[in-house]
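Presented sequentially are two complexes of chain A, the first with chain B as partner and the second with chain C.
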Partner chain A sequence: MDILLIIIGTLAFAVAAPILGCLLSGIDRIISARMQGRVGPPLLQPYYDVRKLLEKDRVSVNASEGIYITCALLFTLLAGGIFFSGGSLLMSVFIITLAALFFVIAAYSTRSPYAEIGANREIIQVLAYEPMVLLVAVGFFMAIGSFDVSAVLSAETPAIVKAGLVFAGFMFVLTIKLRKSPFDLSYSHHAHQELVKGITTEMSGSTLAKVEIMHWCENVLFLGWVGMFFVWANPLSWIIAIAVVLFVWFLEILIDNNFARVKWQAMLKWSWIITFFAGGINIMILAYL
Partner chain B sequence: MGMIGFLIVFPLVAALLLLCIKNNTARNVIASISTATIALASIVLAVVYFGHDGFFVLLNPIIDYACSAIGIIIAICILAYAIRYKNLLAGILALVQVGAALVFEFGFAHGFEVQSGLYVDSLSLLMALIIGVIGSGICLYALGYMEDFQAQHPDSKDRRPVFFALMFLFLSAMFGVVFSNNMLWLFTAWEITTVCSFLLIGYTKTDEAIKNAFRQIVMNLLGGIAFVGALFFIAVNFNTLSFSDFLAAGVLNPDAAALPVLLLAFAGITKAAQMPFQSWLLGAMVAPTPTSALLHSSTMVKAGVFLLVKLAPIFSVSFIPSVMVILVGGVTFLFTSFMAISQANAKRVLAYSTVANLGLIVACAGVGTPEAIWAAAFLILFHAIAKSLLFLCVGTAEHHIGSRDIEDMDLLFERMPRLARYMMLGIMCMFIAPFGMLIAKWATLVSFVETSQVALIILLVFGSAATFMFWGKWLGKLAGIAGNPKNEEMTVHRSEWISILLMAVLVVLCCVGLPIISKFVIEPYIATVFADFAPSISDGNLIIASVVTALVVVVLFAGLGKGKAKKANVYLSGVSVNNDSRTFSSSLSKETEATARNWYMENIFGEEVISSIGTICSALIIGIALVGAVALAIGLF
Partner chain C sequence: MSYLTKSPWVIHYDASSCNGCDIEVLAALCPGYDVERFGIINTGNPKHADIFLVTGSVNEQNIHVIKEIYDQMIEPKVVVACGVCACSAGIFHDCYNVIGGVDQAIPVDVYAPGCAVRPEAIIDAVVQGLGVLDEKAKALKAQKKGA
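Let's look at the complex of A and B:
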């Protein structure tokens, strides 16, 4: 029963998330352009870009890179499916980490020095955000009483009430997970602050298209984690959750356009300090009070 | 019972035989047959006894006297080494231990009769499978490895008979540890494993090997003395030397059990190389690789965590020992994971990761709930398989590329394609979902959350992130592909391939079959120790994990390298000349070589800083706990 639900959820996520993610990305580009005093591209520009990538010749530096990326995309879809079908939050976290690992190995497999730097930075990013992401799952469990996401549907209060500090800490690392400046160390949409093209330096054509689609799906999943904090038994709470998610998306775009990339030392240091205090204190309160 | 006796005695006979045989071919034949016999016997034993826990009446004063004799032989052996290499401390500790043990055996122990000398339950059967299959697999591997080793060290004397005798003696002693209910026998087997690893670490007799061997023996003798101390208290307070009776009585009277359990836990912590004693396992790396594989995966350190897991029911009711074990395990997990980031030497990364994972097992034992024990049992199983696979791969790679530095494993994916894939499988099994270790870590996290162990949760989440870092970058190094370098794995010995393949198959089978193992092996044990129990991870999630595991394995062994894209050069800021060496013509029309190394972040995660912080923390924890337990014991009288 569980498994059937997850299969259906994964298929649904595989259809819906790229569409939603593409639209979010289009909105991002328009809003960013307005913040910079430009008109910006049409809403569907990200879709046009990916379509063009898919039409390109298949050229690659080795015969394995594309397979690693396909796996990464599949695991991202599975992680999304598990989450949105109400499965275990921890399972979703672990599977998305598996996707991140395959993305990293794909870059390493090329042996391009630029891609390797990108891959190393991606690993540092995982090192920076992973503790907080795990604490989000722990905080969610302590607030709702289950690791299963579906438990929010019968919760009397939303998770944000008890796990507010955890949510604040998650907001900090969310910028890393969404690959927004100042924490877009491994792979940036801002050409002026990137080393060639970071982790995707050697990726082209359909492989790069898959990376882009994976990024859309990731964004939808992570925003889902944000929304999860605001849903409880009351159906009206969905409206609040969606409003919060849209506001957070806007906030991330604002941050993205107002900060230059920082060094990895600063990212690591501040993520861990905030994780330790925000996450630690919140969990201590939930455990002992 | 006959089969248990066979498992203990047969490796002993094989060891004696191998000690006498100098001929290479004869040794290969005898060792191969013996390993197969041991593996088969342990599998048969498991099949026969799973679900049939029980005790065996074995009351034989001859074995008791044999134990005393073995204790004296061990002490003489250590003393001889201590005198020859002028190590005063080891000599004194050996004398103290044997003196205390003899006083105990002849002054106290003969008043107690332990009716059931041996026992089986699902946990000891699981351990027997690990020792019997993985341990003997490593012995098989050693045949080919030691031939290369001897060829590469032609000027040193061929002491392989001693080496193989010790390996088999080790297996015998481990069977003794997991099946003995008589604590005197348990202690004797425990000491045999200590002295075997001492001799194996010092095998090459170089200055460094001798120094590290003595470090091991000093630390483990401290543990041994604590063990004897625990025996005194158990005899006085509980009037028994039966392990099962002590466990049952200890749960009912946790205050009286606090000090002996703490001492036993101390012995377990030294043997499992937890901080502040981690340095002996790091030092053990000087030994030939099969020794490391044996120490890390199926023997020695596993004896330490086995003892702690057995003590778990008392930890769940006795505050002081439990807190000590939990904190030492958690602190060890965090700091050794950090230190692994800064290591470029593959064997040191493996060693730190072993200590870290043992830390998790130790912490789980300290938490002592059924869920935590479920996690601990799986951590023991998957760690044993994956770690032995990794050691065997690194050992073979070292003999063929001439280095154990991770940076030198660049392009291994093409130079040794099969080996690199096995190594990648082993690494993935160690740290990433949906493989076994991570499922066990997941259960660990859940059990920590359910018991509100805030400190452990924090230690675990930061340590896990570090785990991703040091495995991830190693995996990346292995995955590099460029051109078609020479294949260097044609000369690998067949015995090495067989063992590596065995471990790889075990990894896959156990990961995919995790739900089944849980149902038929782990849950029965927990049901006998604790009353009610439901695993903290639902069956649905376990099944998803096993399906995804199968998918990753298929991709790794069948999918990679099959893409059909047109080949292009990598981008190197100029015209690429050679992809293998990453040279290019720059705009100054000169050939330039691009280099890239992994990150080791020495100034943040370097050994010097982290190790001293961890040592101080854990030493303080142990010291305070010891004072607390002694005060409690005095208060009781």
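Let's look at the complex of A and C:
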């Protein structure tokens, strides 16, 4: 039964997340442009970009890169499917990390020095956000009493009440996970602050299109994690959750446009400090009180 | 109509330009002209680019670089020569080390003369390049079907 639910969830996520993620990305680009005093591209520009990439000639430095990226995309869809079908949050966290690792392996497999710098930085990013993301799962378990996301539907209070500090810590690493400046070390959407094109340097055409679709799905999943903190038994809480998610998305765009990229040392240091204090203190309080 | 015309990503290379045209190329991306309205993005990666904007003339030092960037770009692709130096080497045409315009190194699709080239002229040239890009995309599709 559970497996069936996950399969249905994954298929539904595979259809809905790219659409939603594409629109979110289009809104991101328009709002970014307005913040810079520009008009910006049409709302469906990310969709046009991906369709264009699919039209390009197929060129790859090796045969395996495309397969790794396909795996990364599939595992992202699975992680989203598990989460949105109400499955285990912990499983969703592990599988999305697996997707990130496939992405890194794809970049390493090309043996391009620029892609390798991007891959190294992506590994450091995983190192920076992963402890906090695991604490999110632990904090969620302690607040709701289950790793199953569906448990929020019968919870008397939302997770944010007991795991507020964990949520704050997660907000900090969310900027890394969404690949927004100042933490877009491995792959920036802005050419002016990138070494060739970071982790995607050697990816082109349909492979790059898959990377874009993967980012859309990732964004939807991570915003789902944000919303999860605000849902409880009351059906009206969904409205609050969606409002918070949209506000967080706007905040990320604002941060993206206002900060220059930091060095990786600063990212690693601050994300671990915040993980230790925000996550650690919250979990200690939940454990001993 | 091909989606290529809705999302042309450009790569910009400064051959031996005086920087006048480079500044105008970047000015086209700024709020005043905002070419992102047409989906145009400046990328630093030839493998992601559809349109190659070259400023300045070709000389013995940079001819290999221009050829290398052009070869790394993935079909369908278009080359736009920005500024009179890129078109025909301009006032540098009889310098001892200058070979000539960009067309001495790679096939050029659109010429945008001017010293320095106006941002409006660059946008016009890119839009003209989109037509060429569309034709090339159709040719590539037909070629794939035939194969």
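One rule holds for everything that comes next: the second predicted complex is superposed on the first by the 289 of 289 C-alpha atoms of A that agree within 3 Å, B and C clash if a C-alpha of one lies under 4 Å from a C-alpha of the other, contacts with A are read in each partner's own complex, and residues count from 1 in each chain.
In this section, contacts are C-beta pairs under 8 Å (C-beta built on N, C-alpha and C of every residue); 3 or more make two chains touch, one makes a residue touch a chain.
Just so we're clear, the structure is a prediction, and the values are computed from it rather than from any experiment.
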**OP:** Applying the touch criterion given at the start, work out whether A:Glu202 contacts chain B, chain C, both or neither, answering first, second, both or neither.
**Re:** both
Subject >> Which of chain B and chain C A:Val39 touches, first, second, both or neither >> reply: second
Subject >> Which superposed partner A:Asp49 touches (first chain B, second chain C, both, neither) >> reply: second
Subject >> Partner chain(s) touched by A:Glu194 [first = chain B, second = chain C, both, neither] >> reply: second
Original post:
Who does A:Asp57 touch here: chain B (first), chain C (second), both, or neither?
Top reply: both
Original post:
Now for A:Asn120: first (chain B), second (chain C), both, or neither, which partner does it touch?
Top reply: first
**OP:** List the residues of chain A that touch chain B in one complex and chain C in the other.
**Re:** 57, 59, 196, 201-202, 205
Original post:
Where on chain B does chain A make contact in their complex?
Top reply: 410-411, 413, 432-434, 438, 442, 445-446, 449, 452, 454, 457-458, 460-462, 464-466, 468-469, 472-473, 475-477, 479-482, 538, 540-541, 543-545, 548, 551-552, 555, 559-572, 579, 582, 594-596, 598-599
Original post:
Where on chain A is chain B touching in the complex?
Top reply: 1-3, 6, 57-68, 71, 75, 78, 82, 87-88, 90-91, 94-95, 97-98, 101, 104-105, 107-117, 119-120, 123-124, 126-128, 130-131, 134-135, 138, 141-142, 147, 196, 201-202, 205, 272, 275-276, 279-280, 283-284, 287-288
Original post:
Which residues of chain A touch chain C in their complex?
Top reply: 29, 33, 36-42, 45, 48-49, 51-52, 54-57, 59, 191-192, 194, 196-197, 200-205, 208
**OP:** Over in the complex, which chain C residues touch chain A? Could you list them?
**Re:** 2-4, 6-7, 31, 34, 36-39, 41-45, 47-48, 50, 74-76, 137, 140-141
